[in-house]
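Here it is: the structure, laid out below.
So that you can tell them apart, the chains are marked A, B, C, D, E and F in the order they are listed, and the count of residues begins at 1 in each.
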C-alpha cells in the first residue's frame, strides 16, 4: 500500500485555495435549474420482486435534464405509510460504477428505515444520456462536452441529481423535511453538488468526494478518472482547448459549489487515496460554511472504510431520525 | 480481466475426481468433535451501541476448540423473542479478511430477519488462536501445523465453526431448526465443512468455496493463499514433508467432507476466478449428495457477484423463512 | 514479450467458423444505407496552414449518419488537379486513438501521391456523436447502444465511413475509380466494413482489424477494448442482455460483412497480438471471397510493423497507381 | 531500479530522533531476561551428514522463551577442539526467510573458521512458536500479540536470540570471549537487539537492520513487512488499538535498544532500500554509543551487497580472530 | 500516466548547473576529430526498391570512427539535381531503436523536400561497432568502454555522427549550406553533440535529448537507459570506478557540449518524461548560447508529441527551405 | 508464483527432439579449437588481500579466444601444494551476472577444498570482448555477431571457457585429473559446452542450463534473455536473417553439443522456471550419453535451490574428492 503522498495533515486542515468561480457562476446554475424546471418529471415506480421481507423495491424512472430518461432503484420500509412518513435518502454511486448490484445497497439502506432512491447516472450502464456533445472526447465521461459549460456531461448529471431529490421528496410516505444525500467518490461529489443546488437536503454525507479542485487534481492524482482530463489535453494540445475546458470545469467544481451547501455535511478522506487526493477533498471541504465534520483515515485509500460507515449511520440518524 | 483458464464448463460440470480420504477420515473427525464437546462453551453476549434501529448488536465470545477464546459479532432483529423465534445464520468471513467492518455485514443480515452470528476466525485479527504448532510455517495460516492432522490450523477453525453454530442454536429466540451457514471463499469452505461436521445447519450457501481439492489447487491457482502451500514446500523440499502435508490436507479438504453434507446447498463459481479455481469448486460440489445447485458466472472472478446475492437471499428465504 | 497464445498458425490458416448472420442481415444494412442516403452530405473543406511543401491540407467536416457533424483531415498533393486526377485513400484510425497527430499521417500519405481523407470517428475526441443510446454503457464506446442493432454505436460509425468514402470520391481532383480504404485495428475493421457496405473502394488494407468474431474475441483477448463487452455483461448479468448484445454485434461483426467485400484486400496479423487475437482476424479473413492476401508476423503484436508498411505501400501502388 | 527516496545522505548522517522509551523500558527487559533465565536451556546437537570436508554440521534444538522448542543449524570447523577454542557467530536470518538453505550459509561461515549457530526464528517455518496471542493479527508475525508488550511476538524472538548466544557460548570448543552476532534485515535487527540484551557479543554486524523506528517506518516504507502494521490498523481503526500497538513497538524498537549496545558494531544501509528505509536505519545507528561504523551503498537496495560482505569479513576478523 | 515529478517549470527555466568540463575538454574533442579525419570516408550509396513515387532510396555505408563500417538509409526527392540543390537532414534514432522501419521515416522526410541520411548507430542492430572496450560492461551500450574517455562507446558514435553530416554534405545534389540535424532521445543528444562538433549544421532539432547532465540523470530518472550506469556501479563498487566513469561521461555530456552549438536549436521536453527527465534537458538547453527555443509539453512523456512535429517542420522550413 | 506451464513431467522425461546439427558441426568446433590453440595462454595470477583464513585469492587474467584479455577470480586452499594436489573447479556465472561479488562464491568453493577459477565472461562487466561483430545487435549479447557462426558471441565465450579449464589444469597444485565445471543458467550452459569441447573435465554440474534448444526456447520462454533473439527478429524481419541466425545458433546449441559430453553430469531443472523452460533443459539433457542425473524441482523457478546445492556438493565430492 502506498504511503501518504499529498500534503501533510496539518496543511490539509487549512488548505483552502481561492475559489475559481466565474462571474456568472450563480447565474449559470440559476438558468440551468430553470431549464430543468420546465421539463415535467413523470416519475414511475414499478415494483419488482426482491427476496427480502420488510421492504418494497421498485424500478424507478423519471425525466431528467434535457428530458433524458433516468433510471434508478427505490426501496422503502414496508411499514412506512402516508400517515407515518419516513426519512429519505438519495444515493449516488461512484464513477463508472453503475451495476445491478446497486439494488442491494438501496435495499440495505431501506432496511435501516429510510426510503431510498438510488439514481443511476446517465450514460453509465443504465440511464439514458441524451445530451449530445458537439465534439468527441476521451473514453469515459469526464471530458464529454467539456468545451462549453452548457454541454458538459456533469451539468446534466447534477440536474438529474437535483431532480432525484425532488422525486423522492414527492413520495407520499416520505417526509420531505428529512431527506439526505449520500454517496462516495463521484457519489460524494454529487451529494455536495446536489445539496448546493437544491434546498431539500437536510444532511449530506460525502465519502472521499470526487469532482473537486480540478486544477490541482490533474497535477497530483497518480491514477483514476481525473486523468481522463490530462489525456484529453494530450489529444489536442491547443492552449485554448485547455483554457476552455478548465473554465467549464470551474462551474462544476464542487469546491466552487461548496459555499452554497446549507445542510450539515459529513465528509471522509483517506490519506493514501490516490484517486481523490486528500488535498482536493479538503479544498472543497474547507469552503463549506454549514455545520460540518471531516473524518480522516490515515491508513485508507479509495475503498470501503468500515469505521466511516458507523459515522455516517450516526450522522444520518442524528439528523434524520432523531 | 483474465479469461477462463481452467477446464471448459462442460468438463467442470462432470469433474468429480476420486476422494482422497484416508481410512480413518471419519474417525478422525469423530474424535475431534468429541474433543470439542469436552470444552464448555461459555458464550457471552455483550450488547454494543450500533446506530441502527430494528436490530440489537452484540460482541460475542465463546470458548472454541482447545479452549481458545473465539470472538464474533452477533445481531438480531429487535422484534425477535423467545415466543417468536427467528431463523439464524452463521456467517464465516474470507481468508485474512477479519476486520471491524464485519459487524456491518452481520447487521445487514439481521435486518433481513435473521439472528446472525459472524464468527471471527482464530488468529485472523481478533480471535485467539491457542493451537501451538510444533513447527514454524510460511507467513499466513495455510501451513500452520500442517505436518500432522492433529495440529493443523483448520482443525481448530472447523471446530470453532461447529461450535459457533451451537452457540447460535442455543439462543432462546433463535429457531434451532432453521439455521443456515453462509460465507464466501474461506467462508464458503467453512460453510461446507461445518455443515459436514454438524447436524444443525438446514441450508448452506458457499460462494466460491476455498479449501477444496488441494492437490489440484496448488497446480492451477495462479494467485492467492493456496500458494502458501507451494511456498512451504519450497522452504523445505523433503519429500516426506510434502507427503505429510498433503495427508493432513486430505482430512481438511472440503471435497472429502462434501459427501457428509446433508443440508440443501447453494454454491457459486466465477469462471475467471484465479484464487479458487472453478475446477476445485466443482470437484467439491460434485461430491455433495444433498439437494444442491451451483450458479456459474462466466464474467466474474473472486469478487462480489450481485446476481448471486439475489440467489442466496432467495435460497435462504425458501429454506429458512418459508 | 508474450509468446503465441492463440491457435497455431496451421489452424489459423483454415480457421473459418460459420457466419452468425441473422436472417435480415443484408436487409438491415440496406435500410441503414438508405437512411444515410436521405441526409445531405454538406461537406466543407477549410484549408489550414501546414508547414510542408507539395501538399494542401484541409480541415473537413461533413454530415454523417443521423446528421452528425463528422470531422476529419484532408490532404492532397499540390500538383493534383481536375485534369490530372489522383488516387484517393480514406484512412480510419484506431480505437480511442483520435488526436491531432492524425493530420501528420494524412499529410505523409498525401506526399505519397494520394488525396487522403482521415475520418475522425464520432465521439472519439473530435467528431460529434449524436446517436443517443436509450441506455447507459460501460466506459468507452463498445457497448454504447448495444442492446439494439438500430442504436449501436458502430452502426453510425460504419455509415460515417461509407460517407467519408463518398466525400472523397466527390472531390473533383480525385479519381473515384481509384480509391482505397486503409487503417489499423479499429481502422482495419472500418476498412473492411466500409468496403463491404460501399461499392467505391477498389482496394482494402486492414492491419490487425478489430471488430471481428466477437464471440471468440471476448473469450481469448487478454487485454484491450473487446473486454468492455465482458465488463458490460458483469454490470448486468441478465442472460437476455447478453443475448441481445450478441445479436446486435452479429450485425456489426466484420466476419459477417467479409463475404460482401469485393475489392482486393490486404490484411496483417501479428501472432503475439493480445488486443486483436489472430484467430479473430483469420475468422474474418477466411470469409473474404475477393482477391486477398494476409501477412503474418510471428514476432509482432498490436503495434507498428515496419515490414507491413512496405507491403501496403506496394499493394496500394499496384492497385491504385499502376 | 528506484532512486533515493528517503532523506538526503547529509541529513541521514545526523538523523537522530528522540528515543521513545517508556519509563519502564529497562525494567521490562530486565524482567523478561529473568523470565528467560528460569527456563532450562536443554540444548541438543544432532550431527548430520553434510557433503563438505573440514566442518561438522549439526541440527540444534534448545528451549527458548516460554519453553518453546527452537531449532537451528550449527557448524564448526573440524580442527576446533576444547584445547584450541574457536571464535563463534550467531547468525539470524531475514523475515519470513527461514528455509533449509540456511544450513549452507552456516557451513560457509564455519569454513571461515567460526563455530556458527544459525537460529531459526520461532514460527517462521521450523521453530515452534508457543507464545499464544490473546488476539488475532494480520497475516505474518509483525502484529502477533502486538497489543501488549508482554505478548508481542518479538519479545519471544529477542529472548530466543539471547539464548542462542548462550547456547553457543556454552560449547566447549567455542571461545565465549570471542562471539559475534550477525544478520541482515530482521537478522540485522536481531543482532542489535540481542547485543543490547546480552553481555556476551563482542561484535555486531547488522546489514540493513529491520525493526527500527517504527513510527517513521510505517510512513515511508513503500513495500515490505513494516506495512503489516499499517494493515493491522486498517482492520481495526480504534485509536486505542493504534496507541497500544505503538507503545508495544516502542519496547521492541532497536532504536530504543541501540544505546545499550556495548560491542563494536558494523551497519550497512542501501540508499534505495524500500523495505528498511535508510532513515530508520540511521535513526537506530545514530543512537549506538559503542564503537561503530556504517557503510552506505548509494546504488543498492534490500539485497546482497558484495562489497559489504568484504567489510563484514574484515570487521569480524579484526574483532574475533585477531 | 505519472505526474510531473521533476523540478517545477519555473525552476526548470533557469536551471543551469555549472559545466563539468575537464581542462582538456576541447583538446580531447579536437584530437578525436583529427583522428576521424585520418580515416577515408568511402561512402557508398546502393539504390534500393521502395514502393513510393517521388523519392529515390538508398542503403548507405561509410567508414566511421576507427574505420567501422556504418550503415544508414538515404532518401532524396526525385526532382533534386546538382543544378537544383535541396536542403539536407541527418536523422539520428533513439537508443536501442535501430530497426528496418527507420527507412520509412527517412522516406517521409524526403517527401517533405529534404535529402535525408538516417544514420544507424554502431552496434545497435545494423552498423558495425569495432571499438573494443578493454573491459566488460552492463547489458546495453551506456557503459561500454566507460572507464576511459578514449574508449567510451559514444566517442565513436559522436564521430560517426559528424561524419554522417559530412557524407550528406558531399552529395552533389545537397546544398551543404542548408543541412540540419534532427532526432529524439539518443537522436536528440546526437543532434546537439554533432552540431557542437561539426561546423556544417545550420539547424538543430532535439526532441527530449538524452545524454545530458549524467550526474543528475542517474539520481532522478525512474526508468530508462540512464540506469545502466547505476547498474554498472552496482557490479563494481570501487569508488575509483565511479569516479573514472563520471569523468568519462563529462566529456560526452551534451550539457558540456551545448555552449559549442552555433546553429539555431529547437528542443522539446515533456514534463512527465521519466526517461529523459526535464531537468537534464533544461540543464543542457540553458547552456546553449545560439538562437534557441524550447517547447514544453505538460502532459507528455517520452513519446510521440504531435504538436512538436508541427514545430519542427516549421523550424526546419524556416531555416532550411526559406 | 506461476505454475508449471511447460510440458508435463512425464513428457519432459522423454522429450528428445532431433538434433539440429549442420553437416560441418564437428568440423567447425575442431577448427575453432585449433584457432584457440594458436594463441598463447599467458595466464597471470595476482594475489589479492581477502579477509579469510585458509585460502589464497588471486585476480587472474589470461588470453582467450582471438587474444582477448579474460579476467577471473582464483582461490585455492592454503594447504594445497604441488606435493598434495587438490581437485579443481571452473565456475561460470549466469548471463549478465558478472560482478565483484563473484569473488565470494569462488572463495566459498575454495573453502570446500577446491582450487577454483571463476571465469568472467567476455564483455559482461569485466573481461574484454574483442570479437568485433560485422553488424549491430539487440541490447545484450545474445545476438552479437549472430548472422555467422564465425562471428557469434558465444563462439568466443565457449573457447574462453575451454581455456579457463586449461589454465586451471596447468596450476602446479591442481590435480588435472580431478577437474569439474559448474555453473547455473548461462553458467550451466557453459559447463556443458566446455565439457563437450574439452577433454579435461571429469564432472559437470549444470543448474538450469541456458543456451539449449533455441528453436523451442524462443516460443515458450515468457521472460528472460532468450527473448533478445525474438526482439532481434523484430528489428529486421527479413526471413534470411532469421534463417542465418537460427543456423548460427544450431552450432552453439548445447543440445547439439550434449552428445559430446563424456564426463558424469548433474543437471537441475525447476518446473516453474520461466527463463530456461524445463523442456529446453530436458531436450539437452536427454541427448547426453554420459553418466547423468537430473534433479527436478516442482516448486522452483530460476533461482537458488538449496536442496540442489547439497546434490552438487555430493556429486562433486564423489567424483573429485573420493
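Here is the rule we use: a contact is a pair of C-beta atoms (placed from the backbone, for glycine too) under 8 Å apart; a residue touches a chain by one contact, two chains touch by 3 or more.
Worth saying up front: this structure is predicted, and the values here are computed from it rather than measured.
Annotation of chain D and chain F: jointly contacted by B, E, touch as defined at the top. With respect to chain F, maximal separation of chain centres occurs for A (centres as means of Cα atoms). Between D-F and the choices E-F, A-C or C-E, the pair with more than half the same contact pairs by residue number is C-E.
The chain pair with the larger count of C-beta pairs in contact, out of B-C and A-B, is A-B. With centres defined by CA atoms alone, the chain at the far end from chain B is E.
Of all residue numbers used at the contact between chain A and chain D, under half are used by both chains, marking a mostly different-residue interface.
With each centre defined as the average position of its C-alpha atoms, the distance from chain A to chain E rounds to 51 Å.
Taking the mean of the C-alpha atoms as each chain's centre, chain A and chain F sit 64 Å apart.
Annotation for chain A: residues touching 2 or more other chains are 99-100, 234, 237, 306-307. In terms of inter-chain touching, the protein chains here follow a pattern that is not a line, ring, star or complete graph. Counting only pairs that meet the touch rule, the chains in contact are A-B, A-C, A-D, A-E, B-C, B-D, B-F, C-E, C-F, D-E, D-F, E-F.
Across the interface of their complex, chain F is touched by residues 1-4, 297-300, 306-307 of chain C.
Of all residues in chain F, only 69, 96, 98-100, 120-130, 132-141, 232, 234-238 touch chain E in the complex they form.
The touching residues of chain E, counted against chain C in their complex, run 50-54, 99-101, 103-104, 108, 111-113, 304, 306-307, 309-310, 313-314, 317, 321.
For chain E in complex with chain D, the touching residues are 219-222, 227, 230-231, 233-234, 237.
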